[in-house]
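As written, the chain order gives the labels A, B and C, with residue 1 at the start of each chain.
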Amino acid sequence: MDHRTQNNRAWFLVLPVLVLVAFSAVIPLMTVVNYAFNDTFGNNQFFWAGLSWFEEMVTSERLHSALFRQIAFSLVILAIEVPLGILVALCMPRNGFWVSVCLVLMALPLLIPFNVVGTIWQIFGRVDIGLLGYVLAGLGIDYNYVSDPVDAWITLIVMDVWHWTSLVALLCYAGLQSIPQAYYQAAKIDQAGRWSVFRHIELPKMRGVLLIAVLLRFMDSFMIYTELFVVTGGGPGNSTTVLSIDLVKMAIGQFDLGPAAAFSLMYFLVILLVSWVFYTVMTNLDKEEGR
Amino acid sequence: MPLKGSRVVMALYLLFLMVPIYWLVNMSLKTNTEITSTFTLWPQDLTFANYLTILTDPAWYMGYVNSITYVAINTVLSISVALPAAYAFSRYRFLGDKHLFFWLLTNKMAPPAVFALPFFQLYSSLNLFDTHIAVALAHCLFNVPLAVWILEGFMRGVPKEIDETAYIDGYSFPRFFVKIFMPLIASGIGVAAFFCFMFSWVELLLSRTLTSVNAKPIAATMTRTVSASGLDWGVLAAAGVLTIIPGALVIWFVRNYIAKGFALGRV
Amino acid sequence: MAELTLENLAHSYHANPRGEQDFALKELNHVWRDGGAYALLGASGCGKTTLLNIISGLLRPSQGRVLFDGRDVTNAPTAERNIAQVFQFPVVYDTMTVRDNLAFPLKNRGMDAPYIAQRVAQIAAMIGMEAVLDRKARGLTADAKQKISLGRGMVREDVNAILFDEPLTVIDPQMKWELRTQLKALHREFGHTMIYVTHDQTEALTFADKVVVMHEGRVVQLGTPEELFEAPQHTFVGYFIGSPGMNLLDARIEGRIAHTAAGPVPLGQEYPALSGRVEIGIRPEYVALTTGEGLPVTVRRVEDVGHFRILRGQMGDVPVNAVLPDGAMVPGQDVRLSFRPDKINVYADSWRVSGRSLGEAA
């Protein structure tokens, strides 16, 4: 039930947030929009370019490849991290001393600055000084993430799984912990098997947090930049150049402001669209549950 | 209801998480010669020289100071503006409230890459380039919506009757908010502050774009450790380990609240 | 259906209990007759849920044995005990339809489809839910969900007993009566052993043939509702049953007169010398206004409850209540109450003491 009262003066309370975020978001976005629709030679004179940058970007081979790589990356990430996260959540201790230990150790990768995450794996995967690289080389496997695209991809994916699976696991764990004991007791009385308990009790109750986890992971993986940049820099060649890498290269590296701006807007739009879909699904589910 | 083999899975997973971190620590305690010449699972020649370098060289330790500074500013700023806004969203309906809330959330979904260049131009033009406040403000882009979202959730759980009782008892709004309301959502403020700290601390792209010397975060310093003799792995590793410590400390201190928070959800 | 026996049963939640106070459930021996409808009545925290969970197998007792038809099931897991339990709030499998919910226990035991279909139809008719069999369980009302929980418990033919843990807690008051009636009807028709835990005396007294009253982990009385009303074995039973509860006055007993602070009270029986804290108890229903000899009482208020009245008074600092017939007029001053001597109970240290009938006195 909505207990809120109608009061337009509440806007005053929201004003500080509005000002801050507008400053942080709207003004820069306007700049981007400006660049997207104009052409400039860097001398602050703008010539209306209409949709030409957009046309160029939409037909750009480079953008297509980056988008393709990005989608592939995000999908693989989700396909691994979500089931793994659920599995870990189911295996986590429910009470006792080990709960704190598990929570702390699992949360550690989440609190490491992104570039350090990259550095850790950059070192870890090297054949000369990294444990992983050394062991793989010792086993006779030809592993080199610098020169081989497949190795690069595998390294990046393992790194992201290492980095973020705990988030999925912790969210699912919170969902699991909120299931009242009576459900498990009833399942015992009904002589339900373990898989049945998962399918009919745990998974439905985790649905809310699972959706949040999937949304967060999709968004963040779609925006990934730093960790990836530190390990491969987008290479070898451009085999691991995903959307944000390409964008930054274009904007800051090549100073191709027009195309970069158009690219930015479309990038942002894709994320908004997918997020909006998720958000609607989530709130509809909430309504169904009567929340 | 535990899964069969839970302990094995947990042990393997925790091992998977800890080994790369161990490797970094391992490397940070070795000398550069040991790193480049031999391969050892633990330092044969244990040395703290790498840490010493960092702790005595301003070029290094200022990086940490800068990072902590802008993270702290950002956290305080985000929470302060988010509190009244979250209160408004949880207690009142007003023109455009649903749309405003959604718009706020969309900023969390903004790719930093999109904002890198615009921020650079914006803050340069305001003469705020290379200041802590610039990074703190920039991080507000995604931290403020997050703080509002989290705080609103916690505030929804506090019944309106408490507000009304306070007004009847003669409290003014500011006094009520500080003395009565905030203690009730203390854990919410803690969670929001934790996440603001986390997301600001780990972010690199924006913090590096907006700084050069004075407010340079530790992350930026780390990406520039190329000396004449090549990459100084030992120092790099030590710097990395030092960045993990604040996070580890924070987690260690709030672990009980987190564990309790999870357990409370259970009926 | 089975006869349940509890032998030397006690339970402590502490690892090393040191005294009686560490036991949530103090030692008891009890037989639940096959097919009986029992209520476990008591205040919150008195141990009734502990006892229920021991019977259902969700809790292993720290002492004693549980026997089903003579078979020791103390260490048997819940699944083997063939009991059904209905919990305080409805437990249904949200993603399944009503039909699938009812069929679930049978499916888990590998029964074949025609049998399952027949049982489901039978149970659905019993609980009156045939119309919604193919609806998703999630969107139904609380009482419908509790009925599904109940149905799921009864769908197995070999269920030994059905245990109810305060099942009407989340039900709307209007529906409570209907569900209670339905439960009673089901018991009459099918004769399952039913154990109903509650803190609500109305539920207990209307549902059960025999009521087990528990207080602080101990069974204080087992009896029919009449026995509990007329001769409560423990002051707690007197206080808990009846609305308002029994009046209790400290007294000194001499033969067949009880000397209370307010005056002497003639008793229906003769009592020996008693030690400990001695009290007399009388239900408000057996307290009447009198113009003759009686105990003076200060009237605090008179409540009109429809077809009778309650006089709430005070003798000294002890509250005393009386149930008066509808329309009874209470005088403005010098109000005196008389107690029916044959309905007075005597308690020493909270436990009832029997006296000798007066006819035997010399």
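Simple rule for what comes next: a contact is a pair of C-beta atoms (placed from the backbone, for glycine too) under 8 Å apart; a residue touches a chain by one contact, two chains touch by 3 or more.
Computed from a predicted structure; not experimentally measured.
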What pair of chains is linked by the most C-beta contacts?
A-B
With centres defined by CA atoms only, which chain is the most remote from chain B?
C
Whole-Å gap separating chain A and chain C, where each centre is the average of the chain's CA atoms
57
Distance between the CA centroids of chain A and chain B (whole Å) is 16
Shared-contact residues (touching 2 or more other chains) in chain A:
180, 182
In the complex, chain A residues that touch chain C
180, 182-183, 185-186, 188-193, 196, 200-201, 204, 288-289
Contacting residues of chain B [partner chain A, same complex]
1-7, 9-10, 13-14, 16-21, 23-24, 27, 35-36, 39, 41, 77, 80-82, 84-85, 87-95, 97, 100, 102, 104-122, 137-138, 140-141, 144-145, 148, 160, 198, 201-205, 209, 218-219, 222-223, 233, 236-237, 240, 243-244, 246-248, 250-252, 255-256, 258-259, 261-263, 265-267
Within the complex, chain B is touched by chain A residues 2-11, 13-14, 16-18, 20-21, 23-25, 27-29, 31-32, 87-88, 90-95, 99-100, 102-116, 119-121, 123-124, 128-131, 134, 162, 166, 173-174, 177-182, 184, 187, 194, 197, 219, 222-223, 225-226, 230, 243-244, 247-248, 251-252, 257, 260, 264-265, 267-268, 271-272, 275, 279
Chain C residues within the chain A interface of the complex
56, 58, 77-79, 83-85, 87-89, 91, 93-96, 104-105, 108-109, 138, 149, 152-153
